[in-house]
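Presented sequentially are two complexes of subunit A, the first with subunit B as partner and the second with subunit C.
Presenting the complex of A and B:
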């Protein structure tokens, strides 16, 4: 309903569409077409050989690089899910739980400040904390919880997941905060007046209205995390291989065709994920808003 | 005249390579200004790995009368090959200084010139086993490179924990039940696979050349490494110098396949760390100077003049004292040090280096090869190990 009012009343702006299409083809379509083409070529003596083959795709699967793709998607999905669980109540509190503007600004600034530090600098701290001789192990041993140091605290999937949570929290919180902030307080008051419990209001009023923010949050968090190279390198200790390291290793030996094939596989999955997310959110928004009048007590 | 020539070449190659008109205009004009600016003093332009650079080139400029323009790069063969092949860096640089190995291919493909050894004054003073390194010669024995810096690598260990007598086997790193989860290795096929191969050769396995393994040999080595990884041998794979110092220094691991300066630094910090004498042999690397085939006439003369300086005593003495690395002509370094009044300690460091190099050269080893024949299989097998 909102969209239709935004559309220009009479004719389509032809100039705008041409400019968009031209720049989109130049910046998006050409690189992707190049990537696709590369993935069907083979390299010999640093030069592409111009007969098309599926060799690169076979190598993606033979060297187990698809496992890396699956692991990367798995970890990124898990961390995105954790971010939702952490960010939803936080965003709710920040936008509706407090009316103090000063506090809001301070909290938002506190979330932004870490971005001024490099990701490596923020991540390397975990190594000192979680190492065999680090304070966490020391505290656990001193209190008698464990007898010897836990080696899975560092250089494991655990440490990579832990390390990813911090840097990707703001990208989930900001869109959620903005969308929840836009919800009219009177709408919530009306829900309460009509006898809805806080839980009911959350599920049937807040969540559907916050869905665009959640969708944006998922994309802003999930997509860059797929390509993160800093956290898995520093905290995985070489045991948790994610996509970026795999591609980097290929580029280092100039194996462009396999790198391109791997990227094409990844790109297809990403387009799929984005399609599913947008389809599901559209569906939920429409079904929730149409279901709302019926469940009103 | 020289300037015009360079500009013309830049035009032609960039016209072919780059299609953007604006980019062409910008890049074509830009290189011409600096060329004019330093036309009064001859400049040698080098693209080289930072390992071989010294902090201050003023002594070079005094000795040779040339101005030094050094562009430091990382030891990343991919980037380097791209610069040399696709971007034709030979148009812009008089000399490349890079980890040896790739000259087999870039020499054969005509990107490097054969070194005219008669044009080098210092060439005959360099010992034969150094200059005949396969990392300086093409597959057919053509001399494409001149030796600049080299060393033989093994592993460091904490002497408080590892009490075995030297020389130590590479099994200390790869198959060590007493130190499960207390070992770190370098996250690259370049050194780790051949080191493991050295160990397996010692155990009687048949591998012809650890630095140039066949697909079957690589598979055997990786199968062994996967088995050790599953047994929990490796605590971490390091990616940078700082990381390797940190892991061994803070006790996260007791044994670490690493570079020699790591142990030097930890010793200076008072830690009981020692660089192992390896029983089965060493991982040797060599940084060589290679002349791009585009360098002709005056540019070529400058390149040779520069190589001669690298083969001389001043550079050798500086490297031995500052980095502990070996250079082509250690006797000249020693002579330079005593003639130029360097301190007793510095002279001792140079003497120690000569002794160390002599000992290590006598042992079996392989030359690190950043461009093995089956590089795609090797990289792919390495990924299989990493993912296991």
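Presenting the complex of A and C:
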């Protein structure tokens, strides 16, 4: 056999991936891009007409849908903030505060397993817990904290926020844990040896290096939360309408172009958040690391 | 506090042990918010009157009445069929994409392929559901059904399967294939006897993840189901409608939770178990 007939062995056959990417664009990318087109169409007698206009966007802003968007963003931002408050110290403890490998693996598994469990099953139970005659109200009354049952515990913004914290906690912890875990212990020791207080080390060494993780955490928590349909439906009880329910009702009344416009508004907000987060994190990383040599003795 | 023996170097407030405990306690709070509902769900499934919210009157009757009211069987079979199909296709596609991406010479190309294929991770289910609905139902005029659920679930599950395959594919040493080729193995033999056995665990784990993600999917299913009912949608509708069957949902969910937990545990052992041995 002549050497010239031999193919370089590691050369990979690209046929499979090309076919996959073509079907992927047909099934995923084109439909998503198509939302943009839909949002500029006008609806006439429940049928889209090829008459490009901003009508659908005007309707999004004119009808109550704008309030829904603002409420969704407000709740999602608040819960994301709460997740940061809970997850940042926890991730720090998990990556640097404990040396017990078995405990670490157990905690990481405990954070991962619920992700694959049915969200509706985990959410329904809050109804029994938070209801007027539920255990939480009972315990509060029995201990004399309150006189009558609290009616804002369930089917309120409170219950939606409480219900969102659990399911979206792991998506904040994991990126933070991974980025803090990558920080070399010796770098932290060096910082201490050079006379930095732990607070200084946290602010000028850990936080800048953990910022990519924080950014990823914000994106992976905030973005899917905007579109969550299970928690607001089950725990909002019709009082807390969020974007997903709004889009669903639009599709039910066949108002396709406004549904598309609302989706595009959502997508743009998300792209905006992603851009801001990545810009801020690059800026912080560069400014902190350039400031570091000047302030270290 | 002032009675605590203080070491010389813990002069600053930021070194106080309270911070270490704070991190741990905040994590415990969050884990409780995750696990209290799961624990309560199990408790309620054995409770005589679960709608009261209080445990007590422990009984297994709800599990037995699941056998009498079999409305959930049909949705269960639909969900199982869809999840198996999605899982199988995800495994094949994730293997193709994963092994190719990890060996692409041009980094920019690999990053582009990954960005495009992992995109659905960053898009809420509502938007994907709406986009697919408008595209297939309204634009192309297809009737929604099992096939559209499969597509929607695949779009959601595939990125996770790909990530699982990448975990093992990035560890794979392509020089093994060079040696196999030198020894005269053909392309298929190289793949089947050398590469696939090493990728297998990641592929199976990815398949299990895809199965579970499809099996529990709601957000996209609402838009894509047509008249088909999957189990999570059935449970969700029962729960949202305050129907009398809502008590059965607890026991049904517990059974699903147990099965899912076992599958996740198995997948994790395949993916990461060998590193710790």
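Assume the second predicted complex is superposed on the first by the 259 of 297 C-alpha atoms of A that agree within 3 Å, B and C clash if a C-alpha of one lies under 4 Å from a C-alpha of the other, contacts with A are read in each partner's own complex, and residues count from 1 in each chain.
Everything that follows uses one rule, which is that a residue touches a chain if its C-beta (ideal position, glycine included) is under 8 Å from a C-beta of that chain, and two chains touch if they have at least 3 such contacts.
Please read these numbers as outputs of a predicted model, since none were measured by experiment.
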| message | Let me test your reading of the model: by the given contact rule, A:233 touches which partner, first (subunit B), second (subunit C), both or neither? | response | both
| field | Partner with the higher number of touched subunit A residues, subunit C or subunit B | value | C
| For A:249, is the partner it touches subunit B (first), subunit C (second), both, or none of the two (neither)? | first
| query | Which of the two partners, first being subunit B and second being subunit C, lies in contact with A:224: first, second, both, or neither? | reply | second
| message | For A:133, using the defined touch cut-off, is the partner it touches subunit B, subunit C, both, or neither? Pick first, second, both or neither. | response | both
| query | Where does A:34 make contact in the superposed view: on subunit B (first), on subunit C (second), on both, or on neither? | reply | second
| said: Contacts for A:167 in the overlay, against subunit B (first) and subunit C (second): which applies, first, second, both or neither? | reply: second
| message | Contacts for A:261 in the overlay, against subunit B (first) and subunit C (second): which applies, first, second, both or neither? | response | neither
| task | With the two complexes superposed on chain A, say which partner A:155 touches: subunit B (first), subunit C (second), both, or neither. | result | first
| task | Check the residue A:64 against both partner chains and state whether it touches subunit B (first), subunit C (second), both, or neither. | result | first
| On subunit A, the residue positions that both subunit B and subunit C contact, one per complex | 131, 133, 233, 251
| note | Given the complex, residues on subunit C that touch subunit A span 12-15, 19-20, 22-24, 26-27, 29-31, 33-38, 40-41, 44, 50-54, 93, 96-97, 99-101, 103-104, 113, 116-117, 119-128, 130-136, 138-139, 151, 154-155, 174-175, 177-178, 180-182, 187, 190, 209, 212-213, 216, 218-219, 222-223, 232, 235-236, 239-240, 249, 253, 256-257, 260-261, 263-265, 268, 276
| said: So in the complex, the part of subunit B that touches subunit A is made up of which residues? | reply: 76-78, 81-82, 85-86, 105, 109, 181, 187, 234-239, 246, 250-252, 375-376, 379-384, 386-387
| query | Touching subunit C in the complex: which residues of subunit A? | reply | 6, 9-10, 12-14, 16-17, 20-21, 24, 27-32, 34-35, 38, 48, 85-87, 89-94, 97, 105, 107, 109-114, 116-126, 128-129, 131, 133-135, 138, 162, 165-167, 169-170, 173, 197-199, 202, 219-220, 223-224, 226-230, 233-234, 243-244, 247-248, 251, 256, 259-260, 263, 266-267, 270, 274
| request: Sort out for me which residues of subunit A touch subunit B in the complex. | output: 45-47, 59, 62-65, 67-68, 127, 131-133, 151, 154-155, 233, 237-239, 241, 245-246, 249-255, 258
